[in-house]
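After this come two complexes, each holding chain A, first together with chain B and then together with chain C.
Then we have the complex of A and B:
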């Protein structure tokens, strides 16, 4: 015979079992993140892709579907390829310099910490300060420093030893180098933090074993440190590449893409198309090209580093 | 015990900061306009002009607030306050609720809202924005008197099919600044009138003095378009289509770029001119004794030459007087021209009913001779009405060379009132920079510019 109490108990027990199963399932835990990603990342991305197939404009309420016209226009525009070249030079130089200098700084600080040397905290804070300051401010600071007269700090100092004024921003090649240097000055801190964090995870016993095996400094670095840092270096390089490919604020403030188009990167071109020429569709097509470039490079890194099991 | 004492304040501080932040955000959100205005409230405040129950929304810059403490241009605030008080007295049923958008996104947000039909009732507009808003701006003809009194460039730019769409409240022009004492030595005291004279005198100065002879703001299309216009070039035809590819215009463009190349190649102008972005850079070089001549805006005589010299204790106060102004040099067979700009006011409120009439009346007051004269005198700006210059009671500023600037305005050409101008301007700047830095010849820079402008026009 079934009593009402026992039915209720069974219902509660069933509910508790469902609740437990739900809590054991990853979906409830992932749902908030998935919803936020969908709303703030996926939706804008899909919107941008859709927009790139239209002629949407800020100045006109009428929007038409134009297929791949925006992409065809980009592909046949010689200036687009020139900007792609500038972007590639900027991004490649940035990745190499950020990671190399970040590695050197991280090793130096790690060495200092292990040896109990003074000043490692000050060094870390100093380098971090450059990273904390917004790119637009960094660009303006470098712009002021690189003024091509006695009012520019660097040209003033060079003038004291009879050099210059050096055309840091009016010579096309030097202007590109100036943007790379300013970007490196800012971005190295990020690589340093990442790699320094990775260094803390390297087990000391590996170094001790290598020493016992007679490995010198270089061999310990090559056969212990670098392999142990592989996953960290992968993440760092991916993030620095994305950062470099998408750099806008610093170059906008430092050179504005000039002189001519000698420092005009894709992100700047996208801004100009979307918000100066008001052509949102064209701007979106450049954004999609940048997205594809970012994804393609990440895939290349994933293949080259072979870290799929570690991340 | 000691640990416990340390932990509690940290939690308290975090909670207090969080609560403070939330309260601040709530405060920000609650800052909107309510219904009626308290009787004891001032007639004019930073966020509101007038005290009527019917609200009209108006966007402007803190440059144009009538409240001195809040203004980026405090000297002009009283003139604006008087103007708005007059309007508020005449429109007791209305009030203007003022918004101050962030400057960087102002135009784009305004365009978007206008396209969606959600534009504010009125807004301040840069004169170069006006063309982008033609289809949304409402006529002001019944609220602005004597339209023929405006300088020709105002009528050409702010009017469409006989409708005055923007009240152009002040303007500015570009001119040649020169050091009189230097030209006394090298050109009998006369400023160069033609390109050839500028090249000749400039070379003599560059050879004889430890200073650069002549510079111009490469990043400003409007400062350099006079070279093109003076060479006989036209940017657009009657329908607004770019005509740079026409033989005469292409020739004018190549001539202008070739002149700029000659300036650099002869050493009259240093290549570093390609890095000049701020208009303050050139007068600063001039004050430091590094530059003999430059192209600048009319207001720079007061702002960047006279005032800094007078406030510098180490330089005699009258030293600024050695700086004079002249027309921008032209080709030997060309006419003088100058680029003119300035700011306007416009309304998006359709119709002529009570609220629309009140808004149009508010906007129209900016172009009344009395308010224009008061404001321009206080702000050291140039009126857009000829009659204002003629009436000393309306406009009698202390700013030097106003009569000269007035004469220059007769040859003023405004930015062409079409959206394609923004592309023309950026392509012209790039062409100039490419020529200055030797990345392109005048011919190839001109061809690239013509192609890009035509492509952009076709695409839009």
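Then we have the complex of A and C:
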């Protein structure tokens, strides 16, 4: 014999038990993530691959399967190879400059912290400040810096030493260099922080041992710091490469890919094919090229980092 | 010189100096010692600091200076580093173009986006840290993989995906997209923080009758709070700055445009009006710069720890 009260109590208790059992299963915790990843990451990637085998267009309703036509077209398109060249130059220079500058700054800041020098915090904050400015606005900031008359800040300074005015954005080679400089302005912070983090993890006893052995400053750097930083440097190089290969907003705002196609990197080319020429299929084939490059670099990254231990 | 420095750590002992002088390499070695002497290195480091600060801060300051000029001054002689007088007319132009709308939109998208990211990634990070289940490693690997692949790559198919879901030209669509894109990185970072909290806390909570949700809410949330702050700051910066996804999803729906899109469109319209473009840029970067200056300590902490975790 149960009173209505205790029935509700009991069903309530049962509900709680069910809830508790549900909470003991990982699925409810992960479900939102899995759904979002499936819809906004996995599916679009699969769709990109599928789309690249069609002639899908924003203006024509008929979409047909065209096999590898888009890829054949890319392979025979001199513009594609030119764009690959531009992307490679941009990515390579970015990696060299970001990592080198990042290394020098990280060492200088680390040194400053240890020796109690003034200004290391100001330096760190300045470098990081450039990094958090939105990409589009970085493009515009450098556009304003590089105005191509003696009224532009850089051209004025060059004028003082008798150079210029320099056509920073209308000369093809200089335009590419300008995007690389603007990219370095933004990207150095990341390398700096990664390497600085690496420096903090070098065991101090290694330095002490080297000092006991009579190693000078250079030898300690060469034989202790660098070998200890090897994996951090490698990981940084891979990440910066991936980042540089996918650069879009900064170049979009600074040069728009011009003059001509002299600063048109992969991402810009893809965007223009898909949304300015309305050729989604063609854009998708470039996206797949980028995807393959990203996956290959990620594989290298995983190999270097050996995340399997971490998981 | 080296030997007089109390903190000297690269020098050779004095007594060997005379012997060294006989050797052919001794002058070179002396030179090397001078170069690596603490005082020389200190000076070099100070010079480096100065150069770095100028290179990284000057462009931003120049844009501020350019934006505050009276009309025409930017293109007149003599060249001035600072404005002759402060004029806010360039800002008036940006305000008239609708910057308030862009700022409100960016703020809304950022708050909703970051809130959504935390709501989804905290439970997921908890699960990856606290549950043992089949396929856990594989799933975590996939999450990491998505973190590595740039969202730029999927903008072409994204257009059709968003269109199919009816999310094109909507704010909700953009927010959902940000949550989907940023979650992997956030989970990865948060999992690292959860892993540092000892399981004993969970067991104790269990004995006290907490279910897992209560354990997370009342016991674990406090120790992982620094991680949540870091993930929050990070995603705020990323969401506020993001351009290409917003541009692709919002298209020509100008009343929803975020600050990046607004400023980009504005400069397209104003072409060579550098003063106006500078003013728009200042407004676009100011909110993040202020947030960053206040929180940069946590930011760096998160970066250093994030780089550890991958």
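Note that in this section the second predicted complex is superposed on the first by the 249 of 311 C-alpha atoms of A that agree within 3 Å, B and C clash if a C-alpha of one lies under 4 Å from a C-alpha of the other, contacts with A are read in each partner's own complex, and residues count from 1 in each chain.
The working rule: contacts are C-beta pairs under 8 Å (C-beta built on N, C-alpha and C of every residue); 3 or more make two chains touch, one makes a residue touch a chain.
Since we're looking at a predicted model, the values are computed, not measured.
Of the two partner chains, chain B is the only one touched by A:276; chain C is not.
In the overlay built on the shared chain, the residue A:151 is in contact with chain B and with chain C.
In the superposition on chain A, A:125 makes contact with chain C only, while chain B stays out of contact range. For chain A, the partner that touches more of its residues is C, with chain B and chain C as the two candidates. Of the two partner chains, chain C is the only one that A:193 touches; chain B does not reach it. With both structures placed on the common chain, the touch criterion links A:204 to neither chain B nor chain C. Residue contacts after overlaying the shared chain place A:260 against chain B, while chain C stays out of touching range.
In the superposed pair of complexes, A:171 makes contact with chain B only, with no contact to chain C. 147, 149-151, 275 are the residues of chain A that lie in the contact sets of both chain B and chain C, per the superposition on chain A.
Contact residues on chain A toward chain B in their complex (touch as defined above): 55, 57-61, 73, 77, 79, 147-151, 165, 167-172, 175, 256, 258-262, 272, 275-279, 282. Of all residues in chain B, only 108, 111-112, 115-116, 132, 218-219, 271-275, 277, 281, 284-285, 288, 290, 419, 422-423, 426, 429-430, 433-434, 436-437, 439-440, 452, 455-456, 459-460 touch chain A in the complex they form.
Looking at the complex, you find that chain A touches chain C at residues 19-20, 23-24, 26, 29-30, 32-33, 36-37, 39-45, 47-48, 51, 56, 104-105, 108, 111-112, 115, 117, 119-120, 122-130, 132-137, 140-145, 147, 149-151, 153, 156, 185, 188, 193-194, 196-198, 200-201, 211, 214, 216-218, 232, 235, 242-243, 246, 248-249, 252-253, 267, 270-271, 274-275, 280, 283-284, 287, 290-291, 294-295, 297-298, 301-302, 305, 307-308, 310-311. Against chain A, in their complex, chain C makes its touches with residues 7, 9-10, 12, 32-33, 36, 38, 41-42, 45-46, 48-50, 52-53, 55-60, 62-63, 66, 74-75, 79, 119-121, 123-124, 126-128, 131, 133, 136-137, 139-146, 148-150, 152-161, 165, 176-177, 179-181, 183-184, 187, 211-213, 237, 240-244, 248, 259-260, 263-264, 267, 274, 277-278, 280-281, 284-285, 288-289, 292-293, 296, 299-300, 303-305, 307-310.
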